[in-house]
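Got some structures for you, see below.
One chain, subunit A, links the two complexes that follow: it is found with subunit B in the first and with subunit C in the second.
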Partner chain A sequence: MKIRNYIQVKTVEAFHEAAKAADGPITILAGGTDVLVNGREDDVYKDCTVIDIFPVEALHGVCETENMLLIGACTTHEAISHDPLVKQYAPILAEACGAVGSLQTRNRATIGGNLANASPAADTMSALAVLHAELVIERDGEARVEPMTAIFTKPYKTNLAQNDLITTIRVPKQSPNVRYDYVKVGRRKVLSISRMTVATLLEMDNNGVVTRFDMTVGATFPRPMLFPDISAMLVGKRPSEQDIIGVAKALSDKIPEIAGIRKSTIYKQPVCRNISERSLRKLFADILK
Partner chain B sequence: MSNIKLSFILNRKPYTVETDPGKRMLDVLREDLGLMGTKEGCGVGECGACTVILNGKAVTSCLVLAGQMQDAEILTIEGMRDDEIGRVIQECFVEGDAVQCGFCTPGFIMSAYALLMENPTPTRDEIRHAIAGNLCRCTGYIPITNAIEKAAKTLAK
Partner chain C sequence: MKRPSTLGKNIERIDAWAKAEGTAQYGADIRLNNMLFCKNVYSERAHAKLLAVHIGEAEKMPGVVKVVTGKDIPGAKMFGELFRDQYALACDRVRYFGDVIAVVAAETQEQANEAAKRIYADYEDLPVLASPKMAMESDIAINPEYPDNICGEVHVNKGDSEAALKEAEVIVKTNYKTHFVEHAYLEPESVTAVPSPMRDEVTVYGSMQAPYNARISIHRMLNIPMSQIIFKPSTVGGSFGGKIETAEANAIRVSLIALLTKRPAQVTLTRDESIRESYKRHPIEFDIEIGAKKDGTMTALRMLSILDAGAYINMSPPVAYKTAVLGVGPYNVDNVHSCSTAVLTNNNHTGSMRGFGTPQSIFALENTIDTLAAKLGMTPTEFRRKNLLRNGDVSPCGHLMDFHEVSIVEVMEKAAEAIDFDRKFKQYKEENKDPKRRVRRGVGISTSMRGASVGADGNGFDVARVLIEVMKDASIHTNIGLVEIGQGLRTVQMMMVAEGMGVKLDRVTLGETDTSRSPATGACIASRGTMLGGGAIADACRSLKLILNQGLSMKYGDDIGEVTYEDDRVRFGEYDLSFDEVVDIAYGYNLTPAAIGTYAIPITDWDEEKGYGEPFYSYTYSCHAAEVEVDLDTGAVHVVKMAGCHDPGRIINPQFAEGQIYGGLTMGQGMALIEDLGHSDKTAAISNLNFNNYLLPTAMDVPDTNEPILNGHPDPRSAFGGRSLGEPATEPAAAAIACAVNMALGKPGAIKELPFNLERVMEIAQEIDKQRDVDAASAAVDKA
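Here is the complex of A and B:
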């Protein structure tokens, strides 16, 4: 692809310096699995200084604090899907990352790139939404923290400036009692761009009363979303079959409400309803008995 | 943009090439180095024909920028004959009729190689998982899965 300049950096500081020194537009390059596909069209990057951050070691890997997992933005989907900390404290994310593309794609594609690319079909978004993940974003050496869902403005658009670097994805550690389910619907078993993902995370007390509930649909809305009204439908209750049917209906009704009526609505709405019911029945199997 | 010098280890030998870092790794292999074994099918990461091993991992070389080859260790199909695992996989592909037109074969062999390097005793499901990013329009995949299974067994002896 045509580019103006290529700079490889090995530290976050070097990224900021390169971003400051560049005249004209810059493009951050991580795994390149979105950039190289976009770059095939219309010389989109011909005026860009490409800053390759994949070699920045500090942006790779997962570590933990008392309450958080800190995932480096350049950690690949394959690495996240096998990471012992992620599998222990946020297994829904391990599953979502394992559902991305093929092994070859997952070996290269990063979680930071998945978010910054802002495709509504990005597989990690629904999982990160129900996990209430946050992003650490650095501009010119200054860091800020934002909710993951806050950076997206519309499909393929974020509010990130060109010199904003996502450095870390912060994921609250989940207790072992948290139940989750992640479903991806695509056209081909692997390597398909999601038509829909449904991510659910919940916790109950010893009496089967729901203390926390988040459920969302991905690849369906212009950006990742959480629905407090849907969460409120189950929190404080010991769910019945009727509640499950009600939640699945309410969630699938969000599709025409938010995304408008499209050609796909007639397909997506019942699929969402069925998957949601199935997911909830599985998660509450012992309560519904 | 103008050329830069890229140094890397390819098939266990050091190389330095002067090339446009905005090219794809696939083009550096085929055009700059004349290594035609790595194939281009789709050019967008979906067929696996261009699979190579980059720093120990199977990746699609159509989605790696040339600049990203700097300091890397790369293995391509051309490096397979000097490697026991690579040689055995190739023999099992030929003997097991896992090759028809052959266009997809280098990509499958690189995926199989990456698998057997990491997991010398894969189950059939693990084999299928490892080659799920490679498309073949001739064989129907069963001979390919069999060949990889046989290669693993042969190597274990």
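Here is the complex of A and C:
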């Protein structure tokens, strides 16, 4: 892999300095599990100053505020999947992170890298979407907060500037009543790029009436998406078998609508419908009885 | 026969520690003083006239020492073991994307890589024939010697299959299709050539399994005497049949560079290059028809198969031979017609790969058998029990099976029992009727009968040789050119030498494979290493004992009578000597206890014209059974358990044999479910050039419960009783999984094409769902 220059930083401030000092393009290096693969044979990074942020301690680990989990961008998938706070307050994310690659990959690959790489097949995206996660992004020392879904423009493209650093993933803490399901469909059990993920998060009141409902499909659309119309189908209702079938159909109909009819649609549309039904039946098992 | 002393034991592999500790040297580990690093430049066209290759710019790049093209080859331009039709460096034409048009040699790999990017060619495009169908319909010949693009045709005829099909009470007629499969050896090709400072001589190291073939090619193409081409294969990091022609082409290129520059030269392919250049498993299309009586007796079998040979003939005719003669299975059927046709295309050429044309045909045959059984109202095991060959039957090709134990029924029963096939078949069939069940279970079984070694299409050519020398310290030094490719062959060879000499194993030493020390022997292919190597070893041991006996006669008189070598002792008359003493005596009389052993498979009675007779000298019997879960919601197949039972003759080292079976089951699972090169039947390109998208089963995908079962019956036709296992261990696996998935889907024979990935299984699952909806609707109407 050819690069112009390699700089390792230990603090976020040092990153900003290095970014300012660099002339020419910058590539941020976190776990490197995407960057090293991209750079393996081609010369894509040959003019780049590579800034290695993996040693920045402040970017590792999970902490909490009253309502939020704050996940450092360099926290690895393996760390997140076992993190007690994540398991308590956002277990769907622990599952999604645990579904990435293999143990070796998860020990190195970071959540920030997963998002910034912007692959439509990134496994954390659908989970973070239904969690309504936000990103803290710093440029030149200035921080801003954006919804996670807002940074993506098209496959493998974000609207981040090259000196934009994702520092934190902010995840609203979920109450213990929240039910969730995360399904990954891949060609093999590990080391498998998702054909599809389906992430569902919902809450009901004591009467089984849905008070909150988010469901989305990953590895299918050009970027992570949320569907208010799908959410509206169940909110305020005590769902019946018919509702479940309706939601699954509506969600799977989004595939040709948004992604267009492609070769993969023949597979993805019915599979989305099937696993959505399956997820919802599981989540509402007690209500449907 | 006396009780074997060493055979049948789990002797530790002689290379185990070196491999585990990392001291074993693989091709790419080699670093030599002054060595050049090479980079191949590949064709940018699948089919074109090659008008000019421009190397001027590359030659001027830093570090570049030499750039070679086809023009630099001084002798014959083409190589090939059976048919010499393959360029090592393309001259006037390119025939697939893996053709090499130039090689750059530079001081560093990076410099070679940079310079290689500066090489380009002028092409005149020719139509790309990306499938056998296109090639057969086209009037363009890929190789002018084969104007219709057909490069091989083999048939089998027994009885009158046409008439028998007319009379059959139940018939199934269907078709199947298989795909390109990559060997996926862990180690990509790496070859190093070292010139002699004294003469026109080159020593070649690297990852290869057929050094004697390569020696012939270098001799013909680079015009040096065969004795001055020395092959010393490195530790081989996997081959599965794949380290032959591609390794050879690279050996020719680096030898050329080494001789021209007088410097060692090495080429190591990247994974992408390896997948781009190397030959694959043949895609085959089958039309198949089976007839039976109502009582389940199989009466007729017709199998027509068309193999995609790719750009070069390579091993296609012998692969077609095995597809035709072994594809008809281990069944007792009187009327058979099988015809295999190999067709040149502009795809990757196809050649030797574990199974050699049979995993495909077994997939087609066994699924047709299941379809027929279902039609007859029989279970898969019932049908097979009734129709499998037994002692004294005549095989589907006409071979009277009276020379060894025909154990296929027993082998099938053991595999079936290991997964509790009969009970589960019944239970799952019932269970799967529940329309609400979205994850269905299934069991499948498939059988095979594999010819040991090359077979009658190589009648007269199938020979192995060994050189064994008893040293003065009474150690027994063996030099044999059959290469260790990870299967444990070298350890087995030592065990057979110990057995042959009646001595303890630790007397036996084995030289590293070296063509200048071991007499020419065929390649380590065709599951022949144990049987053929064993024959040669037995022959050498016989000669050695005669020499040692001569010493005994000189000392003890001519009338010593019979001498036995057993338990490390030598006994005759009243004498009971140690082996050391006997060796001392021989050396004391200035005898030379060294011998070359030769074994050639006897010529079998095979009538190629008629397609009838004895296609092989002996056979291994195999059965794989699989249990799966199929998710109707996603098309995902989860393999729950596989069992592989084999009768490979005598089991020489049980642990190695089990290792072969574990690996074979896994290889079949990959072929069945996920491995896919992304070949385009329009452009002939393959898109999955690395393991990020050419998916292999991982440790997490392979069931921990897989079970190898050894059911060996020593074969009187093999010197040490052992036949073959390398290929049998994988050949029925993909078929067994397909049968199991079809059973789960309730549609025997439904999967028509490999691999049956998520999409293909989902397609069938959707048909089931549609049918369910139709049934539900009509039930509702009935009710109303």
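Note that in this section the second predicted complex is superposed on the first by the 288 of 289 C-alpha atoms of A that agree within 3 Å, B and C clash if a C-alpha of one lies under 4 Å from a C-alpha of the other, contacts with A are read in each partner's own complex, and residues count from 1 in each chain.
Definition applied: a contact is a pair of C-beta atoms (placed from the backbone, for glycine too) under 8 Å apart; a residue touches a chain by one contact, two chains touch by 3 or more.
All values reported here derive from a predicted model rather than from experimental measurement.
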First, second, both or neither for A:I275, with subunit B first and subunit C second: second
Contact breadth on subunit A, by residue count: subunit C or subunit B: B
Touching partner for A:R108 - first (subunit B), second (subunit C), both, neither: first
Subunit B versus subunit C as contact partner of A:A127, first or second or both or neither: neither
A:V171 touches, of subunit B and subunit C: first, second, both or neither? neither
Partner chain(s) touched by A:G32 [first = subunit B, second = subunit C, both, neither]: first
Contact residues common to both interfaces of subunit A (with subunit B and with subunit C): 37, 102, 189-191
Contact footprint of subunit A on subunit B as seen in their complex: 1, 4, 21-24, 43-46, 48, 51, 54, 57-60, 62-65, 67-68, 70-71, 111, 114, 129-130, 132-134
Touch list for subunit A against partner subunit C, complex: 37, 41, 102, 185, 187-192, 195, 266-267, 270-271, 274-275, 277-278
Touch list for subunit C against partner subunit A, complex: 270, 272, 438, 632-636, 674, 692, 695, 697-698, 700-701, 757-759, 762-763, 766
Subunit A residues touching subunit B - in the complex, by the definition given at the top: 1-6, 8, 29, 31-33, 35-37, 40, 45, 50, 52, 54-55, 78, 101-105, 107-108, 189-191
